[in-house]
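In what follows, chain A forms one complex with chain B and a second complex with chain C.
On to the complex of A and B.
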């Protein structure tokens, strides 16, 4: 699966959250990363080709006045031409997933009716969701990072992997999808361990697979019982 | 929590501690959380299997 990450930020180098996310990008994955404002001029053909090649498209930005920064709007207005998106009835973006990674300076609880912002993130992002709808894309649940500067180390550690999963894991984000993601990632992680740690890594991998099998077996037993109960 | 899972979490913890790189440590610690989630689901499913198997009206 190819994931295209389009980052919009007017001062990327000064943003600790964006630098953190860049350092967290998954390795051993097919990721194309681009900072929109770094492009001297937007090469429409190149941008559209990147969109065509991606299976999942991520728009990543800080929320400025309940919207994406101006750079992203400019990108949209330049690259997402009517003909490209739907004008010729070919819908090249159809069935691709569109995910939003948005950082906010206010806490999650501010984004609800009665909250300090009085507006949900879904409402603020409605114009982007409408673009996805028009292009027949699949809109993913938004990945919001609130008040990055206040996160403690355990939260930041968790954020690394949550972000990686948002970029590369199969949706929906179920237990099954999560288990599969970890199982697929494990061999690569074990390979890069120092030799003396690899045996432990392999034991962990085997045990993890066993736990997964046990869960599957339990779920099978349960569905058998349920079928019988229905009779 | 099963003994098997306790052992697994301990091994993951030890491995995570040895990782110098932040993102590597993040992976192993997230795997530990994943194992905890498997555990909780295992408890819930086992409980439901027990509950459905031992129904007094089926005695």
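On to the complex of A and C.
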């Protein structure tokens, strides 16, 4: 699966959250990463080709005034020509997944009726969702990072894993998809650990395999109970 | 009352609807008109001063991908600094009116659930409404112009009057506000007619005054009936 990550930020080098996400990109995965504002000029042919080749497209940006920065809108207005997106009923983006990675300076609770921002992230992102709808794309649940600056170290570690999963894990984000993803990624992750931590890594891998067996057994039991309930 | 009209369009000279609206601007009214993309660079001080001096602020643009063009977003991201809009709890834009004049290439019926666009204009403009909310501004009902290219001549004449009212008439757009506006504007409008049409103009003015008397009488009768109903 190819994932295209399009980052929009007017001052990328100064953004600690964007630098953190860049350093967290999955290795051993088919990822194309681009910073929109770094393009001297938007090469429409190249941008459209990248979109065509991707299976999952991620738009990643800080929320400025309840929308993406002007750079992403410029990209939309330039690259997403009507002919490309839905002209002649060809829909080259149909069935591709569109995911949003959005950072906000306010806590999650601000984004609701009565909250400081007064509207949900879903409402703020409705224009982008409408683009996805027009292009017949599949809209993924939004990946929101609130107040990155206040995250503690364990939360940041969790963020790395969740972000990598958002970019590469099979959708929907079910227990099954998550298990499969971890089973595939764990060996590679452990290989990258420093030698003195390899043993710990193998222990985690064994523990994970054991837990997976336990979960499978539990799932069997649950489905048996469910069958009985249905009688 | 001062009205600030901020127009965002990447190719203003090529837009027949924007040229029409520019030619329809009310004369004899305190209007400041600016085309955002024509500014060589956005002078933040000047832009903020213009906003401070206006009583009604109009953002006027074509709907591109369910939002304003990138130029307006750039203006938002640059001019609407947090310190300016709500920093130090000063709110310099509080109670000013914010109106949106939006042109769309699709008919009104496309903007609803199940319609070709699948979302309402209100939903598309929710991020701008959230800015107004944050700034404690008063959001005006949106002035939408659908498929300008297909308008017939009488519809265009109606558009001129409705547009002028949107820019200068007292809100809300009640029968009373409309009457007052017409009574104020009619003499000036008639003065601008070519000499051979002045007589027709005066007839319309007299007719309007007569209708206004009739309406006033009708309103009196209605309020009498209402009083009796309340007994």
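Please note the rule applied: the second predicted complex is superposed on the first by the 214 of 231 C-alpha atoms of A that agree within 3 Å, B and C clash if a C-alpha of one lies under 4 Å from a C-alpha of the other, contacts with A are read in each partner's own complex, and residues count from 1 in each chain.
Just so we're on the same page, a contact is a pair of C-beta atoms (placed from the backbone, for glycine too) under 8 Å apart; a residue touches a chain by one contact, two chains touch by 3 or more.
Quick caveat, the model's predicted, so the values are computed rather than measured.
Novice: After superposition on the shared chain, which partner residues are touched by A:189: those of chain B (first), chain C (second), both, or neither?
Specialist: first
Novice: I'd like to know which partner A:158 touches here: chain B for first, chain C for second, both or neither.
Specialist: In the superposition, A:158 contacts chain B only.
Novice: Check whether chain B or chain C contacts more residues of chain A in the superposed model.
Specialist: The partner with more contacted residues on chain A is B.
Novice: Quick one: classify A:107 as touching chain B (first), chain C (second), both or neither.
Specialist: Neither: A:107 stays clear of chain B and chain C.
Novice: Mind working out whether A:87 is in touch with chain B, chain C, both or neither, as first, second, both or neither?
Specialist: Neither partner.
Novice: Is A:221 in contact with chain B, with chain C, with both, or with neither (first, second, both, neither)?
Specialist: A:221 sits against chain B, while chain C stays out of touch.
Novice: What is the contact status of A:76 with respect to chain B (first) and chain C (second): first, second, both, or neither?
Specialist: Second partner only.
Novice: In the superposed arrangement, which partner chain does A:130 touch: chain B (first), chain C (second), both, or neither?
Specialist: After superposition on chain A, A:130 lies in contact with chain C alone.
Novice: Regarding the shared-chain residue A:141, is it in contact with chain B (first), chain C (second), both, or neither?
Specialist: In the superposed model, A:141 contacts neither chain B nor chain C.
Novice: Quick one: in the complex, what on chain C touches chain A?
Specialist: 10, 64-71, 73-74, 76-77, 80, 117-119, 123-124, 126-131, 133-134
Novice: Chain A touches which residues of chain B in the complex?
Specialist: Contacts found on chain B: 4-5, 7-8, 11-12, 14-15, 18, 22-31, 33-35, 37-39, 41-42, 45-46, 48-49, 52-53.
Novice: Provide the residue numbers of chain A that touch chain B in the complex, in ascending order.
Specialist: 23-24, 154, 156-158, 160-162, 175, 178-179, 182, 185-186, 189, 192-193, 197, 200-201, 203-204, 207-208, 210-212, 214-215, 218-219, 221-222, 225-226, 229
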